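Each chain carries a letter (A, B, C and D) given by its place in the written order, and its residues are counted from 1.
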Amino acid sequence: MKKLINNPEDVVRENLAGMAVAHPDIIKVHFEPNFIYRADAPIQDKVAIVSGSGSGHEPLYNGCVGYGMLDAACPGEVFTAPTPDQMLEAAKIVNSGSGVLYLVNNYSGDVMNYEMAAELAMSEGIRVLNIIIDDDVAVKDSLYTQGRRGVGTSVLAAKICGAAAEAKYDLKQIAELTRKVNLNGRSMGMALTSCITPQKGTPLFDLGDNEIEFGIGIHGEPGRERLPLKTADEITEMMALSIIEDSAYKRVLREWDEDKEEWTDIELIDPPLASGDSVLAFVNGMGGTPLPELYIVYRKLAEICEKKGLKIVRNLVGSYITSLEMQGCSITLLKMDDELIKLWDAPVNTVSFRWGM
Amino acid sequence: MLEKKQIIDWIDNFTAVIAEKKDYLTELDAAIGDADHGINMNRGFQKVSEKLPTVIDRDIGTILKTVSMTLISTVGGASGPLYGTFFLKASAVAAQKEELTPEELVQLLQAGLEGVMYRGKAQLEDKTMIDALSPAVDAFKQSLANNNSELEGLQKAVDAAEEGMKKTIPLIARKGRASYLGERSMGHQDPGATSSYLMLKTLLESVR
Amino acid sequence: MKKLINNPEDVVRENLAGMAVAHPDIIKVHFEPNFIYRADAPIQDKVAIVSGSGSGHEPLYNGCVGYGMLDAACPGEVFTAPTPDQMLEAAKIVNSGSGVLYLVNNYSGDVMNYEMAAELAMSEGIRVLNIIIDDDVAVKDSLYTQGRRGVGTSVLAAKICGAAAEAKYDLKQIAELTRKVNLNGRSMGMALTSCITPQKGTPLFDLGDNEIEFGIGIHGEPGRERLPLKTADEITEMMALSIIEDSAYKRVLREWDEDKEEWTDIELIDPPLASGDSVLAFVNGMGGTPLPELYIVYRKLAEICEKKGLKIVRNLVGSYITSLEMQGCSITLLKMDDELIKLWDAPVNTVSFRWGM
Amino acid sequence: MLEKKQIIDWIDNFTAVIAEKKDYLTELDAAIGDADHGINMNRGFQKVSEKLPTVIDRDIGTILKTVSMTLISTVGGASGPLYGTFFLKASAVAAQKEELTPEELVQLLQAGLEGVMYRGKAQLEDKTMIDALSPAVDAFKQSLANNNSELEGLQKAVDAAEEGMKKTIPLIARKGRASYLGERSMGHQDPGATSSYLMLKTLLESVR
């Protein structure tokens, strides 16, 4: 294993220490439990948004903390969901009294840890809602699996809901907005290579020189299927079509019912994309893929969207949700309306996102 | 009768077993998950072994609750809340107790199992730790109902856990990370079921 | 070779095509010859700044085109200096009459192609000055080598000189400012892995599992020496000390003398860093290195700077100058004064850099 | 006497040689440069072979200037301006000409060499293409001065270029990318010297 690290055990902590000295104008870092929070937290009269998942996906949520986006991010160990005490302590610091939204990716580990965190926070008198992102169309059915994973849409949700919080949406409104973003977002990913976690020290899976993994998550897990290597245009087309032609997807997600005061299963269905829709197109690199390759993919994606009658009104191209040094990419299409466009365009100032200020 | 000392031995011994099997559990997880189960469990139990000395004079409930809290705040992933909840629910059964009757031990394991099922929403044959824990609790209960000794009951539980663990091999996963693999999850033993089997086996060995 | 590409020959063109559809608000793309230029060029009464080197270093100059930075970027083939017709045509489009500064990295290919471009542009009546960046302390002497390479400082120069151009510095003033930035900037890089160019299809060099290349450039060339793998802290210390302890460096660079109307050798010496200096600290990833590793390096660099009495007044952490999917990093320290800080902080709006607007 | 037809053959044949030796030249560049010399040269001469048919009816000067302009605008890197300048300066000597005397051919090569030296500022033994070109021009000149035939002179030039190319192997590079390697550049043959030798060898073969 060749990495620019000291001890594998110290990677997460030293990364946070580096961020703390590099960006004191935007963020502060709390250690044990680990979390990053806005330097100016808590913000009076504003709902706080807290997210975070395993480390190894940087810049992801760490890069999203700041004005107009997240109030705190809780990084777990590499590829391991964070622990409830991280989210609890983060909530205590960033909550201004307007409540906290936990933005959770639909992995069993994340869901369970955030549920426990919510229970703990509520027991300390903090109002919390957990909203789940599950946008990965590589997972076909929700009945016989953990359900779709949360991938690309979560970053877009963080931006949009963060802007809504600045605009003083209340907790219920932001929860509703997050659901809307989730139901309108779809992603698909693929890998050309595996990656090496500092702790394990060897590749998570072996891929032949002429093979790709199609339908991967972002944790170095193997994907839906292994395919022979194809051209960028062919791969882009396969990914784009899995998203565009994805039919209505029904799933049951567990949310906290504030009236009944218990976890309740709610059924949600997301409508398929249709010709005439406006979309935000997000081409994400898995870490080790050079930027030009992402633009080559974006170029083809734009062509396909045009052919399918989808109007790309906003875009994002870059490595925002990575799997360490994995090579590969994912595509996310988020159906946009005027509200979402306005919130997307709103000013933001984080390590990864900065515009309008 | 199970004494507090044996519970402490169990936790200590399991900490050693996890440390020893760390790479094995991680390899199992590499095949159908994200290659961290052994690392996660080991991080948690290493911390448990630091915390344990501070509470050995307390009752079994407090000891198990300390194990639980430590796991919850250090393991993360899926196994953190699951094993954390297992020990949390178990600790409630052992609250204020310095020793456990065989029936109480069964109740304790049963409560832990139910906690895991509530938290994780998994069923039997979803290819998770439930596949080891659930048949083990049933077998233990059955054995006691047949008037066997605690040791005999525990032996049955361990046998059932081992069988359940092996039965996960051909299953298609329906919960956890492995479920994303669909049919590709077939042919691999579930890491969580394996660590659960090891936990019960270590309990038996610590009692014997 | 596993890459998200179609034909190796089309990588540069398709990357540009992707950038053109993704960022029409910021840039326009010209094909044959290839260059990217500001969507609103030419800007009246403003000196135009043109740069660009081989492709494969993205985002580099492509990402620096826009308000407050470059007017045009000319990407060559992968790791190959661009051709004079690219810089000539770019100059024609972005020149508003206030002249053009060619910002050139000190590689024999770049220097010669830009000299030819300048000759051609001047023969067409465009006023041009070529200023060379040579900041790589891995190259020790200038007498028996091509001289120091241009690496990290070139991006910082593009930002600072771009801001000066917006502030209406004239061509001679910007040339002088560029020299100042160059003389105050120093860089050092290392690689953990090699990289694969699309055209060659195999790694440019082989590195053992326990080896690193120390003192590399950014073209996948082997470095100054091959060393056993070390910890991030050790590597950071070696890099930082080569920069901080670098003594005064004397070299002869060829610039155009507007009075004599000929290329003239000028001798330049850069003063070493000294305790008490203010610096901009730039930790750059080579492409395949995960962001946390860069923060781990930054963390140690900040510690060393503090110990050495250097005050980090600004910083930049990220993969801005890459060598495709190479793993590794470089450090640049640029001594700052009030003028440079003000120009660094000035608003900018490019694909890679956006703040203040 | 060298006829236009032979000049055209030279360019055509060199295009073929470069295509054939592309990987070899690139491998040489991988050792001490950035692994693109063969790719660069081939990109340029492929374009030359597209352009050449449009000017074969013109004089040698125009033909060589077309080669030059095409190389300048397609090769890039160090070799683009260098070979581009070589042919540019050479074309000036052949302006308006339909054939070249042996003396004119020497002048032409000499002019090209001087162009390369002006543009690249390299000296003999800097481990560049100069190490092949410079001794070749000298040997050619010397041979003609000794009243040898053009063919004999060219043969001497090629021999000298080959020797110069091989002599680059032990040298420490002082110009171009290879110079960054310092002592590590020793033991490798310079790619540009190699392509220059091939260029002269192809000239000889096209004339013979």
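For this structure, a couple of remarks:
Keep in mind that, in the parts below, contacts are C-beta pairs under 8 Å (C-beta built on N, C-alpha and C of every residue); 3 or more make two chains touch, one makes a residue touch a chain.
As the structure is a computational prediction, the values presented were derived from the model and not from experiment.
In summary, the chains found to touch both chain B and chain C are A.
Ranked by distance of CA centroids from chain C, the top chain is B. With centres set at the average Cα position, the gap from chain A to chain B is 31 Å.
In whole angstrom, the spacing between the mean C-alpha positions of chain B and chain D is 75. In this assembly, the C-alpha centroid of chain A lies 56 Å from the C-alpha centroid of chain D. Shared interface positions of chain A, i.e. residues touching 2 or more other chains, are not present.
With chains as nodes and touching pairs as edges, the resulting graph is an open line. All chain pairs in contact, by the document's touch criterion: A-B, A-C, C-D.
Touching chain C in their complex are the following residues of chain A: 2-6, 11-12, 14-19, 21-22, 55-56, 58-59, 63, 192-193, 209, 212, 229, 231-233, 235, 287-299, 302, 315, 317, 322, 324-325, 327-329, 354-355. Touching chain B in their complex are the following residues of chain A: 33, 54, 76-85, 107-109, 112-113, 115-116, 138-139, 144-146, 149, 197, 199-200, 204-205, 217, 219-222, 224, 254. Contact residues on chain B toward chain A in their complex (touch as defined above): 26, 30, 32-36, 39-40, 43, 72-82, 84-85, 119-121, 172-177, 179-182, 184.
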